[in-house]
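Comments concern the structure below.
For clarity, chains are labelled A, B, C and D in written order, and residue numbers in each chain start from 1.
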Amino acid sequence: MPVRALLNDPDELVAEALDGFARSHPELVRASADPAYLIRADPADKVALVSGGGSGHEPLHTGFVGAGMLDVAVPGAVFASPTAYQIRAAIRAADRGRGVLLVVKNYTGDVLNFGIAAELAAEEGIETRIALVDDDLATESEDGPGRRGTAAVLAVEKICGAAAERGADLDQLAELAARITSSARTLALATAACTHPGESRPSFELAADEVEFGVGIHGEHGIGRRPYGSARELTAALADPLLESLGLTAGEEVLAIVNGLGATHGLELATVARELHEHLAGRGIRITRSLVGSYVTALDMRGCSVTLLRLDPELAELWDAPVRTPALTW
Amino acid sequence: MDAFDGAEVRAWIDRFIATVLDRTGELTELDRQAGDGDYGTNLRSALGRARVNLDGTADPAAVFTAVSEAFLNTGGTSGPLFGMWFREFAKAFTEPVSDATLATAAGNAAAVVQRLGKAEVGHKTMVDAMVPAAQALRAAAERNAGPDRALREAAAAARTGAESTEQLLARRGRASYVGEHARGVMDPGALTVAMFFAAANG
Amino acid sequence: MPVRALLNDPDELVAEALDGFARSHPELVRASADPAYLIRADPADKVALVSGGGSGHEPLHTGFVGAGMLDVAVPGAVFASPTAYQIRAAIRAADRGRGVLLVVKNYTGDVLNFGIAAELAAEEGIETRIALVDDDLATESEDGPGRRGTAAVLAVEKICGAAAERGADLDQLAELAARITSSARTLALATAACTHPGESRPSFELAADEVEFGVGIHGEHGIGRRPYGSARELTAALADPLLESLGLTAGEEVLAIVNGLGATHGLELATVARELHEHLAGRGIRITRSLVGSYVTALDMRGCSVTLLRLDPELAELWDAPVRTPALTW
Amino acid sequence: MDAFDGAEVRAWIDRFIATVLDRTGELTELDRQAGDGDYGTNLRSALGRARVNLDGTADPAAVFTAVSEAFLNTGGTSGPLFGMWFREFAKAFTEPVSDATLATAAGNAAAVVQRLGKAEVGHKTMVDAMVPAAQALRAAAERNAGPDRALREAAAAARTGAESTEQLLARRGRASYVGEHARGVMDPGALTVAMFFAAANG
């Protein structure tokens, strides 16, 4: 949040925004205030999908509650995991007796709280599976907590959401989620840091001629500074490691997510999308599906992430399946 | 005494809450030196909620359930881990609470935290106090020492465990990101566990 | 655009973004490069709707091309009208022999160029009507160029788009557009100014305790500074003059557009939406339709606009009609 | 001479373009003092496009069509207005061009600009040069003065009209926003019109 953010009490921000969001989409979602979660207005008889995490990443996850995607989203405080009990309540609300897929971005707090909630739910006879999303190439390393989860979570939610609507069972969904995650990688760069609510300065400062490369979605530093350059150069710098990590070769088709980190303008994102199309075309790789917009944000951070997901006909078809949520509808 | 009752368990928890609330500044300072400095805040919000939950409760299981639920409604890394830790006490405690009950509860509780947090003794976490305390309770129960003596021995073991974290490098949690900076700083989670067992003894 | 914006040559920004945008939505739109415009991929046999204006307001107007809304959008340079010939080309491309409604925001350049294009089209036998949108209450005055056009243009495009799909003729659409515009008013405030591409400083500076009230969408100063306050206070400050100007009274229903000006976070907009619901409810006025998001932006300006449109059953029903565009689909 | 041909019209336009391109700095400076300072840039981009369109053209109507289209492809307020102004010349001009043709063209052209821009003489715009020039051409045609003399009189009238803008307060265009600041600054649009008629005379 910038100085002069449009909010009341920062401690009430998440609760008030959840209320305002639900009131803005009454045909699609309902809010529960305490414990806080957002649930589909029209529950369906299928395996339920629940996701969540810290707030500040909107429209993730609340924007993706609805037919063909999530059944319930659980927002934590800004950049903090929801609590185990909050998640358990979400699981209870979501379950239709067919089990619940928990889509979890790989962060210590989320893993812990979703894991605990899953155990608590199991004790109540609710079956769950955790789909851990860890797509952020910037944090790939031998030991440590592993790659962070970022924008690929969107693909997991969309594609598994579609499969669930078609009657896939919990095991099939968990397997599908794992396949998507292993086929997807993301890299991000920031052209300006974000400012946490209540703070008066951004989490880091950049010189006019540099960008922060390999950032996550919590305002933390990336893996290094790079010279600022044209959209063409910066897009290539993001795309090449993804192509290499996924081993993508000529003739393959991908889904590309060009994601704004919060304060990035549509003209910029469309430019990056264009450069990505060009760059991949130069390697014989076609972007046959894409999502360009600010979907997984880090408050008011500037910059973008690029996610590539290797497509096969099944994934493409599930991606194309109808979806009807506040932030994604087709 | 072979066992103690709900009122005593409740008094123990009340003393624990009072001590911690009294020392949140100190605990936060430790987290600031080797973490993100929100430990005291996390704990205060959990214990505030615990006090509400506890209102009128004096059944041993219910007392620990109230505390557990408060922690499971709290953020941070410590919140859910303590929530699951206290939950095992709630599960094991049936009135009256014997040394065997204590040993079972603390053993299961340390195991749950270890499984969820993937920390071993020596990783500079709350586990460094939980495991020796559980071992002390087990040993005391095996020689039928009674709950009072068992808890005194557990408190000593937890205290030693907590103090041992001071010289360690952290391998889990945020403190593990700061490397050598964490050396010389006692782990606040372990210190809290020591406070818990110390509070058992009047 | 901020310093370090994601772009190549600023002079190519609009063209490249248009290309990237079209490639990101191949199922919905096609781009013409020279003259530059964006056209529906599946033209329909109906009165056509064409809109456009300066770039920098994305997703306006390109994001609203598709079934149920615009047939063609014409982007000018950043904050500058498209040219008369560019608009004529758009009109030619859009026309299906039933005439073309030109939705024009009230700015001198747009009025001039759309007006000229309409004359040129008339010489070719293409009938057009101009729907002038002038909803910005901040610029209401006795003389001068009149109220500026801002976010109410969205309502005109959506509602007239729906009516056109149902077979309304050109005169009916022009009348409908006039009715919408006269029933809608907008006010905006900025919590930070925007930075034009190529410039290194924002167009104005605010102290930590003030906001710029009554801003437009081109980075210009507003009608005055106000103290920064809670979302509750600021929302009331925006809403009250709208309620008064429209003469809204208890029992009436409105469409509300809570619009981010570019770099405003979803949490902030949802909070403003909540406060608007509360504030209007306090006066017995119900928000029965709403749109909350960044739809009419001013590059990276922070802040929001609030638009209220007095609803009647016909307008509400047309608002609810299906729409399928890159930025708005239901 | 009673009339002049396509080559002469083309030479006129070429001289106009050359003069303006030579003086864009001066024109921009006027727009900077009482507008947004992009006038020269707008004009340069229109005239650059006009040169391409003109390539090989020597038919009077075609010459003005080429110029008109270039302006109608240009931004700013001046671009579309000049585009529609030149368009009336293209419509009226059939070879050879007589004083009557000139009078009709300039009269219609000024009228179109006035209708579109809603400016009267005295509002400190290009209209302040367009209208007197058209009147001079009409007067010259009525006494069969011939195109050369008519254009010389038009040039003088346009020049006087342009100079008259210097002491005015602007009532149209961006200059109207700056109030008294515009006084003392000649309107660049009107000056361009004066340059256009001056270029007619060899």
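The criterion applied here is as follows: a residue touches a chain if its C-beta (ideal position, glycine included) is under 8 Å from a C-beta of that chain, and two chains touch if they have at least 3 such contacts.
Not measured: the values here are computed from a predicted model.
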item	value
Centroid distance [mean C-alpha coordinates] between chain C and chain B, Å	58
Between chain D and chain C, distance of the C-alpha-averaged centres to the nearest whole Å	35
Pairwise touch network: line, ring, star, complete, or other	line
Listing of all chain pairs that touch each other, if any do	A-B, A-C, C-D
List of chain D residues in touch with chain C within their complex	69, 72-77, 79-81, 83-84, 116-117, 173
Contact footprint of chain D on chain C as seen in their complex	35, 76-77, 80-81, 83-86, 108-109, 112-113, 115-116, 120
Contacting residues of chain A [partner chain C, same complex]	1-9, 13-14, 16-21, 23-24, 55-56, 58-59, 63, 78, 191-192, 200, 206, 208, 211, 228, 230-232, 234, 258, 262-275, 277, 287, 290-292, 297, 299-300, 302-304, 324, 329-330
